[in-house]
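Just passing along the structure, written as structure tokens.
As written, the chain order gives the labels A, B, C, D, E and F, with residue 1 at the start of each chain.
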């Protein structure tokens, strides 16, 4: 295959990757996006074979290795539980990083194969590119390993920090740059190896100070690194598929981690530099580490409810405090437009006054036939997809059914936990009127939406 | 200047253009965006000079021509009234189109200067590129001229359509393709000229069937054409600044016109193919041509109000029908958060029952001290930036002050027209209870927001 | 393994199309007109071609037909560049956020 | 007037950065994880380099050190490619809109 | 010019035609005001309040009549006072020209100008003088408040630890000014509100207040064939009655406001419909003085029909006298302002002016 | 087991302890019900309604007493009926053990089990039996509805062609159960509602219903130093009184609900405060029977203090008897259900159970 033709095909696969990412930005097109990605990858691999035109002995080996790797990958993909996604992605990243390192090493060892000159006299530009690629790849590898261990729980999720950490990282960074410079002058293999080893160390050092809660951001950042590594190798190999894809992955990963930081209301730089871990984490991690809660945002809630077939709203005193009834009504209207069946479950003592919820719902013109008392609706939770608990707490607390010591023992409660997912809108984990903790917050099918009830509901309306 | 260096600079100017467009996508960064654009343009021009390295006699001429053109442009830019913007942009487009044609002609006449071969033996690819560039440029030129004439009112804004129009356009298109093919074989100058002339004709034919109301879409589409023309020339001249910028302008113009069509709820293809003009235009143009109204959308309204320092809400029967009071309250809350002062002006007979508006506003918990009766607030309109008239009509009709024959003569009315801008939210131009037309709809400082009052207000909340 | 520069140009062209697509996708409607006028101004980067055309050949015969077309194109593009950017500037002035 | 291909590659690189930037800018948070896993899968396009490395040299000495690194890289990248796309597929299955 | 007002017969009328707030406005027109002593003390408004506002308090009704160019009243004067009126004086109020025809003819013949405000044309310009609207509005409000107070159950839905109280169901018959305000008031208290009217245009208005409009099947058809035309068809009436009867089974409170101008009020709630209503329900008939919308209405009595209470107040506004007087006084002022020529300082009886022409009793 | 209930003294009490709805629930517990004739006819509930629901209607009170194991009443029986009670019978109701101490001691000594529901502990489990809450809730509602009906002006803001009626201003004193419901009811009618309470926790509750909480300057400081501690300081009291006095000048209607359990109600609205109120204003004192929150309150009378009306109903729920009985009956049922042992078919007087222990009169 001519160089021109293969270039064209590489361009095509780059475009397919762009379309893949684009598809992934909305649920409707996401699966199509994934197919684009697969197609792009297939094209690049096939084109590479055709370009090399080497269908001998080696080709068979390549195929075998490809299949071995592929089978392992497929096996992992099918077996892994959905809850282990984040660590899986982290683990995969480490592989990409290592692959980049290996390719760079290979190029360094046999530059002729890549048109980069000969051993001991590799082209300057290529040398820089390949050592950058190797360094970034190595950082990606060791960083991802640490992230994986933290997420997997093998290593403690707590941030590890020590004095002079930032200084050490900075020094090592400078050292790498210096070594690359020196490599360019001397072309000495040992320098190349040192660069790689130091980079492994940097990867470890970069990730250990970051707390478990920030791992998603870190993973996305490592993703970005792996992209830059690929782009570096791409320049070395003069391969536009690698350049386009590397740049694409590099910048999209960086943006994604930035978006995630913003979504969690944290400073991007603090997270990336591990500074945040030292200050804030300590307080919030306390309660989180004992009992982890799942923390969602408006978009998640909107997504869940939009795709539900029935939703039950459970209002409580917090809705009254936040005066969220109008926003709630609007949310329900939007859901109904989406074809979702919505009803309201009113607990007899929700709020602080008999009929408290009724006053507010009537004010928001909620039709009476959508409002049910406990006895009439309690059985429906088992068949409902989402219970949206807005500012209620005690009235959902299952302890009233189980623990005779509890001050609310014997009170009938709304069985929200029987619905497929429970969304709790409240500002914190603090208890309600009765002053007791609610076990539901920590359940697997519960998503906590920490915010003022009105604000959160308004945001959900926006996302619907 | 070396080819490499100049390429780098062209790349830089391409990036600056990207940043320019990016800046223009939000009001906060828009001015910065414009500066990026200017910088990018300056760099391209200077780099071109340096690359040519020809600072003799010709250079002086070029400078002179540049300055002459520039002065004309600057003069026009300063003198033109803001209301004439659309036709100005259309006029400018025609110039770009013509410039593209001229450059293509020049390249055709003296291919040596551009490294394209010699007269009578121009490189095939270049020939295709330059004739495409010339054709698109010519279409842009004549199409823009027509758009300009229509907008300026020199030519009637009504769509001109005749039988077989689409067929004629299609035939001419095929003819151009055929001629390009023939040009490639024969290299005959006459063919080249014919291509240009026929393209001029196509431009005219493409635009005349499109009605005045759709001109903004057309202008943006012509913008896109001029981009493609520039890209075509860029390929010919192997100039990456032209390629990047041309592609950028080409695709962004196309997307922009698509967005505008969606915003106006029209089919993109119908507009572009002039089909829409033939069917729908006839009905809606009737009232529009007699008295034009300015038609806005939620974003415009949000923008105006967000940047106002005081807004007065004028609710009427339509708010009650749409049950928009809750959404309205939410909008006002959002505005107040933005530091805007908001009050409600209640006309004594707004609605269909004494105190109709009060009932609804109280339901939405609007504080009483923000609600004013006519006498107390009527003088404030003169000092207010935006009057948001939601579903009210008769109570704002100034005819009550002027025309003793009018059925509402003598009724006190809210002087909304005295505020800097008036937003009217209603579903159509139809009259209210009194059954009479409201002159305010056609005023210069009025923006009509045609929609259900609740929907529109909700959308504004979203855009805030 | 030498690749035809055309391939590169094509890649650049296509990527630029994507950028153009995305960059305006989220523009607020109130900025449609300034955006249009700035893209218009930018599209007169065709002036690069015009300058090349005008100065082609030796300095002595710069008034051959082809050069004249170049010069004409320069004027047209220049009108556009200055007019376009300045008028955008004027429009954007209106959007200046008031001092509060 | 020959231009160094590196310049072209740089242009492509920079434009791709812009595209990457825009393309994820508006992604919904619920798709963050699938997006991450698909970008991960895509980044294993490094396999192209790995294949080149593995097959470099003549067919007979493909087990030189450099080739071995290539083969190792192939395995790693392949795990990633298959695993990444398949797991994304699985995740997206969850987002399938229910039949109503 | 001087205008005056004397106390009404407080047995029948608690409202007054002039409130302290409005005096200032008369003054700024250049009019002086005479009032009789204890003019509005029954409303908690002291004579001093009027004095402070600028009115003159005269010792007797007679003095007020003698010293004023025009008398502004709620209703027509007692006979002895009517006799004291002199030529060229004016009398403005709700004079009820149909029932008081003889008296009025007499005084008009004495060249006394009589204006009766319920004759106002319903044109936009007269809206600010429209006493029928202003008073009907308050009547609609008050009918709901009173019947809710009388009702033996709570109105709004309350889900409590001691069980649920379901929301009361209210039917408003006639969705004119009074009916709409009744709907609004019942709705804001949390009742489920139904309404019915013969004007189909009122459907949208009812819904704009959150009420449900009762539509007879086939009503759509009627509408298309143009307005009220077919409305009287027997079949339609029967269907309407069936619908009402069915609805009333679940209705707790009925507010009747249906009127036909100048005629007896239509009878809408028949005896058999009342029979199906639950014991404890209430029918509040605002149309009582025009004959009532229910078959069993008696003026100023509470009838009990098998547990259903039918209340027919003749002048409900006597129970809301302060607000009613405030609005009435403002209407009256707007009327006087239109009549009064500031330059000539007289009442300019311009019969070109529709408002003056229509209200003047001839 | 058989439970019974006899007619109350209808001069003082319109509510009943058993409603037709609830009979089914008793039946499903395995309990039979005896009622005396015309048990609730005054509420529009016929004897047949009870019969259809499954109750036995006996001819006389005596028969009911004789044939029932337990008597469920609103209030304590008349003396002659008390005498008819026999050993091991139970009497459940609002027995008012403080004022009826002697009578109760007597019958308890006859081994008759007396349970008085107002003694219920305020624990979560007892919420469904909590008659104080259920009745206070309705009382708060009714106080507002009645005072609005009595008020001579319209409550909500109305901007009309005949001028503007401004919204009435309501002050609720004491934001407990009754107070909160009063706030909610006044608010939904469109009044501007203020509230005051000594419990600062109630501020958020008041605001959650759209009311404005009156805060004495410096109250924040008090709060930080812990609860009620400083609340009684003289300076604070003075400031509070000044604030109230200032506020009352513009208040149209005051609803008093402040109580201190087991004590005389605190006097909050002093005479001098009433003096500054506008003529026509209303003070509705729900605390009247416990002494009243205003200095001038008289039980079951409407006092007029210079135009300000002070209304002190002793048993406001007699005016809302149907809803009140429904909730009361449900509370009573929940109490009985807790007391009754389904297997042994007796009332199991388990003194381990806080609810039984606290309510039992000893």
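Heads up, the rule we're going with is that a contact is a pair of C-beta atoms (placed from the backbone, for glycine too) under 8 Å apart; a residue touches a chain by one contact, two chains touch by 3 or more.
For clarity, every value in this text was computed on a predicted model and none was experimentally measured.
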| From subunit D, how many touching-chain steps at minimum until you land on subunit E? | 2
| task | Note whether the interface between subunit A and subunit B is symmetric in residue numbering, meaning over half of all numbers used appear on both sides, and answer same or different. | result | same
| note | If you tally C-beta contacts across A-D and across A-E, the winner is A-D
| query | Which integer distance in Å separates the CA centroid of subunit E from that of subunit F? | reply | 37
| request: Averaged over CA atoms, how far is the centre of subunit A from the centre of subunit C? Could you give it in whole Å? | output: 40
| message | Taking the mean of the C-alpha atoms as each chain's centre, how many Å separate subunit B from subunit F? | response | 68
| Shared interface positions of subunit C, touching two or more other chains | 3, 5, 8-9, 11-12, 14-16, 18-19, 23, 25-26
| remark: By the touch definition above, subunit B meets two or more other chains at residues 14, 18, 238, 240, 244, 323, 348-349, 354-355, 359, 362-363, 365
| Overlap residues in subunit F, where contacts from two or more other chains coincide | 127-128, 133-134, 137, 156, 158, 160-163, 165, 188, 190, 210
| task | Mind listing each pair of touching chains for me? | result | A-B, A-C, A-D, A-E, A-F, B-C, B-D, B-E, B-F, C-D, E-F
| message | So in the complex, the part of subunit E that touches subunit B is made up of which residues? | response | 123-125, 127-128, 133-134, 137, 177, 180-181, 184, 188, 204-205, 207-210
| Quick one: in the complex, what on subunit B touches subunit E? | 317, 320-321, 323, 348-349, 351-356, 359, 362-363, 394, 400, 407-411, 434
| field | In the complex with subunit D, residue positions of subunit A that touch it | value | 13-14, 17-18, 20-22, 24-27, 30-31, 33-34, 37-38, 40-41, 44-45, 48-49, 52, 54, 56-59, 61-62, 65-74, 76-78, 80, 82, 85-86, 88-89, 92-93, 95-96, 98-100, 102-103, 105-107, 109-110, 112-114, 125, 216, 219-220, 223, 226-227, 229-231, 233-253, 255-256, 259-260, 263, 297, 299-300, 303, 307, 309, 339, 463
| query | Once bound in the complex, which stretches of subunit B touch subunit D? | reply | 3-4, 7-8, 11, 14-15, 18, 115, 238, 240, 244
| What residues on subunit B touch subunit F, complex-wise? | 346-349, 354-355, 357-359, 362, 365, 368, 371, 373
